[in-house]
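Below is a structure I'd like to ask you about.
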Amino acid sequence: MKHLPVGPLYYEFSRHHEPRLQIEPGETLVVATEDALSGQIRSDADRRDKTRMPYSNPLTGPIAVEGAEPGDALAVAIGAIRPTIGQCATRTADPKQLCEWLGTDCPHGTHVCPIRDGWIHWSDSVRIPYAPMLGCIGTAPDWGSPTTAPAGPHGGNLDLVETCPGSTIFLPVFVPGGRLYLGDAHAAMGHGELSATGLEMPAESTITVDLIKGKRLTGPRIESPEEILAVASGCPMERSIAQAYAQLILWMEAEHGWDRWRAYDLLTHVGRISVGYYGIGTVAAKVEKRYLAGR
Amino acid sequence: MKHLPVGPLYYEFSRHHEPRLQIEPGETLVVATEDALSGQIRSDADRRDKTRMPYSNPLTGPIAVEGAEPGDALAVAIGAIRPTIGQCATRTADPKQLCEWLGTDCPHGTHVCPIRDGWIHWSDSVRIPYAPMLGCIGTAPDWGSPTTAPAGPHGGNLDLVETCPGSTIFLPVFVPGGRLYLGDAHAAMGHGELSATGLEMPAESTITVDLIKGKRLTGPRIESPEEILAVASGCPMERSIAQAYAQLILWMEAEHGWDRWRAYDLLTHVGRISVGYYGIGTVAAKVEKRYLAGR
Amino acid sequence: MKHLPVGPLYYEFSRHHEPRLQIEPGETLVVATEDALSGQIRSDADRRDKTRMPYSNPLTGPIAVEGAEPGDALAVAIGAIRPTIGQCATRTADPKQLCEWLGTDCPHGTHVCPIRDGWIHWSDSVRIPYAPMLGCIGTAPDWGSPTTAPAGPHGGNLDLVETCPGSTIFLPVFVPGGRLYLGDAHAAMGHGELSATGLEMPAESTITVDLIKGKRLTGPRIESPEEILAVASGCPMERSIAQAYAQLILWMEAEHGWDRWRAYDLLTHVGRISVGYYGIGTVAAKVEKRYLAGR
Amino acid sequence: MKHLPVGPLYYEFSRHHEPRLQIEPGETLVVATEDALSGQIRSDADRRDKTRMPYSNPLTGPIAVEGAEPGDALAVAIGAIRPTIGQCATRTADPKQLCEWLGTDCPHGTHVCPIRDGWIHWSDSVRIPYAPMLGCIGTAPDWGSPTTAPAGPHGGNLDLVETCPGSTIFLPVFVPGGRLYLGDAHAAMGHGELSATGLEMPAESTITVDLIKGKRLTGPRIESPEEILAVASGCPMERSIAQAYAQLILWMEAEHGWDRWRAYDLLTHVGRISVGYYGIGTVAAKVEKRYLAGR
């Protein structure tokens, strides 16, 4: 099984970086990623130093998939996400859009938490279930090079709890090889990622990357064991919700034989929304698979 | 146990309507409500006729609580929500904000579904678990009379799946007696209430209404068996998310002894968002109660 | 000429208040209004005391127009707006949505400015042209009673600089008599009304109120000497802009013989936007009248 | 005077393109740009063919300025914008966010208009004053390569009517040389650029590019003969308005000696908003220069 070490830290989903690894469709590999804070916080005494590294969310990649051409899709099955150093780190700082209600005197604090026995030890009295996910995953667009701050049709800084072991994420291919990047693993994350910093950890992720020829996607899709999810991003969030549900409806129409307005009616009653980083308006609209046969 | 029948259909949370029922704090009562379509759709052949009734979401009430004064709060514990006629109805029409992706040719369809054995029989092949909730619940403001379309500090058209049996909703009192209204029961509802019409049913709800003296609330709160939730409403939704989390943080600070910035950090990792009707940007920010002791 | 003095201060566009004046269509009258601060700030030493009056924007009215029925429109021509006491007042407080960039230490300051010779004397060194407008004008809805905080199809807290002498505002009639209210005169106001408090003044406004039978409006319209304007309100503002332009297009189609898509094309090149209070997303989309004949 | 011909069409503000021209600070030059439709529509019979060119808004550049370093600013004074071929072109297509009110049957029409004697001849009966502006102008970021669709701190697809002859636009320098790009000249444009396509023309723009050492800007600024303007972009637009006003206040504080809260008060009364392409929420907050001395 191939192993891709961390290597140079890239902060863009860019077609300008040369592939660090070339794989065959169907290969399983282990990808090591640095944490979103570029490894600057390894103890409670460390501070995030933006003069040394102003960007967040370094990526490992790109990975080129043999035979991937524009108009295809990558299917990235996530097998496991392991903490590399047995801990994760977080920080608080300016509360930005919350200042209207909470004020601005948020301490610039950092916080390192051990990960043991399936728990994140956030404090002496609070432990949080270890529920790892990848905050950033995406391919290189052919038009522009998005930073690791936004999300979009290429994937990007999705920050969805469903990008986790057991799920498969489907991403459009825009350039030859697809050029897959990943990073920003979290040991756990709440809906909305309120402070914009999760429980950030260097990690090793086992992924299996498949190629689906001729599968044109308008944006990321996720399949979990129980659900299918369509993703949209951008503010205002109510517009992203409309777009994500619309993409889910069109998916049900194209691949599961549903009339689009029947699907629209069904999702009104059984659809669910998962919220990514609220500051950029990312959401996934989802439906349980057991409904799909019922058109 | 008192029983409040449907009576005149009100479409406003208004202090101008005389109380139909006066209760003591702590009383349990059964409240009957018409469905959100004002009962116009009882069979698949019926159509929503807005020339006869242009408004949606008729309410039963107001209920006055003895001793309730401005600055107090009502605690409404929801015990059960039963379908009055064994069925619910829904309809599809203009897809509004979805037209950009789906077009505008949505058939103006109506659809009646039997409710039996804990299931909503949506079609021959699809059944949906019966998971009833109250779409509208609120008190009468002292400034303005909101219709049953929006939500706000008084409650209103919340459309949250958590306003369900087993939960208690806390609402501010703005005028003497509080003047509680409820309606818009759904047999089930998806996050976002995509088409703006749930599985609407006439219902009988058993509620226990308590009075909390001197408890000033800035907006609705919900307590479920497992979680506490703060509610905010309004577009853009990312702003409501910020506001709802801020209210949850201030609640943890005021009643559970948390430092606000510690709570801010914790909720980043374990908070969850529930989305009400997406067209008006209602959300609940929530946290599991087991975390509250861990400050 | 009839004169309507200030009378009781109402803070709602409500059908529940009895008309204070009944007029014939076409009558000209003078309406006195209190300032938006309920007259609490008459000198620099005064402070806004929300414990005595929590609401803003008191209205004078309602005025009933003989023969006005639901489905008609009122045309309110604004002739003059005079400062009653030769001065205006403003205040600053919490910067709300600006705190993210400016912090929260805004002094709760008040400021009274003399109005003389066509100028507002804001400070020793800054004078602002006297450019009066009515912040609030509207009719009573049949569904709900909006406060003087939002704007909507009934008019309301529009805060548009074009609601000024020389303009005519068209408002839908929802209840018999129309029940017109006005208030919140500003000596001048910037786009967006950044701090939410303009140069507030008690004023006397000369208005001529006409009735247009059978003219169904979906929202407020304004006609100035040079332009026609369609108004929409609500967040996000980009959605209100789309709605306001759409209403302007439908107006050009219905009353000026334009093909809607030709009008859409034209407005892309010559349309203009005026921004009301940014916190509630009010905008007017407008076009110069000289273009209207050119379909 | 140097002349930069159209050359290769770039659709990104990218640091990866080699400079096509190196200039000294203070140089005046003429820059030729293709139209936003990549020249595909030269007659009414032409159609926009996205299979041949899927992107919009080709740029000419980059231009490197001698001595420009990260942390400096470019000052680009616009002297004249001339139509290269005596005509401009526009097109209508999907009405996107307007479909909710107007439907979706917008004809995919194109339209070429002669430019003569200071007028754009839009139809036999409608002529529009020639009021040229540059839709796109910006520098290359050091993090990511934005396409020509959005706007941001680097400038970009601003679509502001004030980026016109007589104005100077100030842009941050992120990479050595600054790497200035421009394009998307419009013969005229309405606020909001409703259909997303202005009166697009190939053009020759005379610009003078100055370098201001050590002038750290957080986003684009414009100075016109009468006003200063701060620019912000992003949805929801009410947030961009708050941000643009905040930037204008901080500018008045830093360079004109104003107390920030005094400036906040003043702009409430005399500020103005100009709206760029509404779909991406770009706005400029502005104030007349004559107020600046009055602190």
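Order as written gives the chain letters A, B, C and D; numbering starts at 1 within each chain.
Assume contacts are C-beta pairs under 8 Å (C-beta built on N, C-alpha and C of every residue); 3 or more make two chains touch, one makes a residue touch a chain.
All values reported here derive from a predicted model rather than from experimental measurement.
*Asks:* Across the interfaces B-C and C-D, which one involves more C-beta pairs in contact?
*Replies:* C-D
*Asks:* Would you identify the chain whose Cα-based centre sits farthest away from the centre of chain B?
*Replies:* D
*Asks:* Report, in whole Å, the distance between the mean C-alpha point of chain C and the mean C-alpha point of chain D.
*Replies:* 32
*Asks:* Could you grab the centroid distance between chain B and chain D? Build each centroid from C-alpha atoms only and quote it in angstrom.
*Replies:* 46
*Asks:* Pull out every residue in chain D that's touching 2 or more other chains.
*Replies:* In chain D, the residues touching two or more other chains are 97, 100, 235-236, 239.
*Asks:* What part of chain D is in contact with chain C in the complex they form?
*Replies:* 90, 92, 95, 97-98, 100-102, 106-107, 109, 111, 120, 122-123, 125-126, 128, 188-199, 235-239, 241-243, 245-247, 249-250, 260-261, 264-273, 275, 278-279, 281, 285, 291, 293-295
*Asks:* State the interface residues of chain B toward chain C in the complex, per the touch definition above.
*Replies:* On the chain B side, the touching residues are 11-12, 14, 16, 54-55, 143-147, 149, 234-236, 239.
*Asks:* Along chain C, where are the residues that touch chain A in the complex?
*Replies:* 94, 96-97, 99-100, 103-104, 235-236, 239
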